[in-house]
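Below you'll find the structure, written out as structure tokens, and then a few comments.
In order of appearance the chains are A, B, C and D, and numbering begins at 1 in each one.
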Amino acid sequence: MSELESLERRASRIKLLLMDCDGVLTDGRLWLTEDSDEQKSFNTHDGLGITLLHRAGLKSGIITARSSKTVARRAKELGMEFLRQGNSDKIAAFEQLLKQAGVEESEVAFVGDDLPDIPIMQRAELAVAVADAVAETRSVAHYVTRAKGGQGAVREVIELILKSQGRWRDLVADYLK
Amino acid sequence: MSELESLERRASRIKLLLMDCDGVLTDGRLWLTEDSDEQKSFNTHDGLGITLLHRAGLKSGIITARSSKTVARRAKELGMEFLRQGNSDKIAAFEQLLKQAGVEESEVAFVGDDLPDIPIMQRAELAVAVADAVAETRSVAHYVTRAKGGQGAVREVIELILKSQGRWRDLVADYLK
Amino acid sequence: MSELESLERRASRIKLLLMDCDGVLTDGRLWLTEDSDEQKSFNTHDGLGITLLHRAGLKSGIITARSSKTVARRAKELGMEFLRQGNSDKIAAFEQLLKQAGVEESEVAFVGDDLPDIPIMQRAELAVAVADAVAETRSVAHYVTRAKGGQGAVREVIELILKSQGRWRDLVADYLK
Amino acid sequence: MSELESLERRASRIKLLLMDCDGVLTDGRLWLTEDSDEQKSFNTHDGLGITLLHRAGLKSGIITARSSKTVARRAKELGMEFLRQGNSDKIAAFEQLLKQAGVEESEVAFVGDDLPDIPIMQRAELAVAVADAVAETRSVAHYVTRAKGGQGAVREVIELILKSQGRWRDLVADYLK
């Protein structure tokens, strides 16, 4: 079985797409103001991708070590069902989340960019690193995106999953009537 | 007729330039804060381009799925006559807007970057995709800009239109007196 | 006389460095929020450059069509003596400013990025366009910077001027004691 | 002794990592609003790097000419022990800070990007310039990072130091259990 076939087989099994936030849904920049606010920039192509993922019946969620109302706001806006913030022990959050979602590790994809994402990536059926992830994280990934974090990496993963499941063409067809 | 001639002929007919906002007038990044504010970054070269478009007697407008006071503020600042926000059904907004403007589809250009822009692009006389639009959107465009969204793509379209209409040289001459 | 000699001769005469703001001191992005605020990003290398320019006894100023407290704040912070905002007729602002400064056109450099900067550039002893200026503006410049606006273009101009005046080495030497 | 051996020997001695803020921990952009706020963007990979540095028993600090609550907030968040803001005379701040930390110059690394960083770099055991530092600063550095300021330059320095001290592998192993 070729590497591509192996990748597509993994992608075809996914029911839940989980991801880190900073450096994955964003470009890894934390915007701090002098007061206590924290600003993040999200990508509009990723946003539509997540909408399409949900339309195809898959679920999505965020597991992040930081904690900010901005992330909660974006997750809600996109209808992401699962959100775990402030978890320095990401693997515990991962296990709880899978139980809550009623999904097996063999049905989960995870997108990461740095060392704390590795333990989850080693458990997930499909482990993805963004193009500008650190070397160690890229080395444990089944797939490294062409796009950098915050620049469409999540959209790229979603297209990989939905194409492997034979769902992409129909979703796009809705726009080509 | 060559592809360039065909493109220039389309551009020469345009009386109304419509565009998506996120990813076209901006680089596709949504800046969210912890409170309910939403920040966007607009390009100064695009801004002058829209001013020149109006000076040449053409009209302009924005059709976007999101809804934000920031977009209304920028549209007003630039004197853009038409603004339709919060339209998940962009094609309905497009049809209403054309009626309001008294303009035919054969006189409209549209600039987009993602799947929801495709239905309008399939109807517009001149369909433009920004350089970093998704593949499906680029594939239905008559023209793909060299510039990315938020980095002068709209200015590039405006120059194409005004040059095709023989108006660009005079507008620039005002600055070369 | 070679082109480089001509450029250095022009640079050697400068007593006052004027510049546009958006696209020159910034990368041309206007950050708008939902309320009336307007945010701009300035470059730290440009900032030190302007400090060194003043230390060498030269003066500096900003002429811009937009109007924002942010620009006034940055100009004040850097000790820039001249600031003209909200001037759609930049050439009138330019003439008034020269009178106020007691400086001749043959002693002024101007850095621009778009069409409205051209009239001033045609009058200034040293006309500079940033790397990402529009084509028409680059074509009237004596010098086009290697750096883009907001990414050190102004610092590059200042080094050109101070080196041509034989002042750069001493200013740097203060840091190499 | 090769240049690389010399570099690794210097890195192996470091107990305290000091750095400039703007242009090193950030990309050199100062984000100003119309009111008195000042926003900065920090890199998430740098953040984890500093956490790992502390975990290895090394200390860190910031010496910067500007003064902003944003920097204090980020330093505190990352547990950075030393912070000197508003110091136009960086070398005095450097000397006081070393005394406070009980560390010799031969045990200090400093990361800079512009002229005011040079005096400290000439004293530090390991002088590092970010990839987009000005030419004079790069020329006095023992090491120039591949990454630009705000895009992982500090993380790159930390990996250099911890690898030279034989600590990196163990720190990473915690994530590879």
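Note that in this section a residue touches a chain if its C-beta (ideal position, glycine included) is under 8 Å from a C-beta of that chain, and two chains touch if they have at least 3 such contacts.
Just so it is clear, the model here is predicted, and its values are computed rather than measured.
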item	value
Path length in the contact graph (subunit A to subunit C, fewest steps)	2
Residue-number overlap at the subunit A/subunit D interface, same or different (half cut)	different
Copies subunit B and subunit C - rotation angle from C-alpha fit, nearest 5 degrees	90
Most distant chain from subunit C, judged by the mean position of its C-alpha atoms	A
Inter-chain centre distance, subunit A versus subunit B - centres from mean C-alpha coordinates, in Å	31
Distance between the centres, which are taken as Cα means, of subunit D and subunit B, whole angstrom	44
Shared-contact residues (touching 2 or more other chains) in subunit A	31, 36, 39
Chain-level touch network, classified as line, ring, star, complete or other	ring
List of subunit D residues in touch with subunit C within their complex	22-23, 28-36, 39, 113-116, 118-119, 122, 134, 136, 140
Residue ranges of subunit B in contact with subunit C within the complex	31, 37-45, 47-48, 68-70, 73-74, 150, 155, 172, 175-177
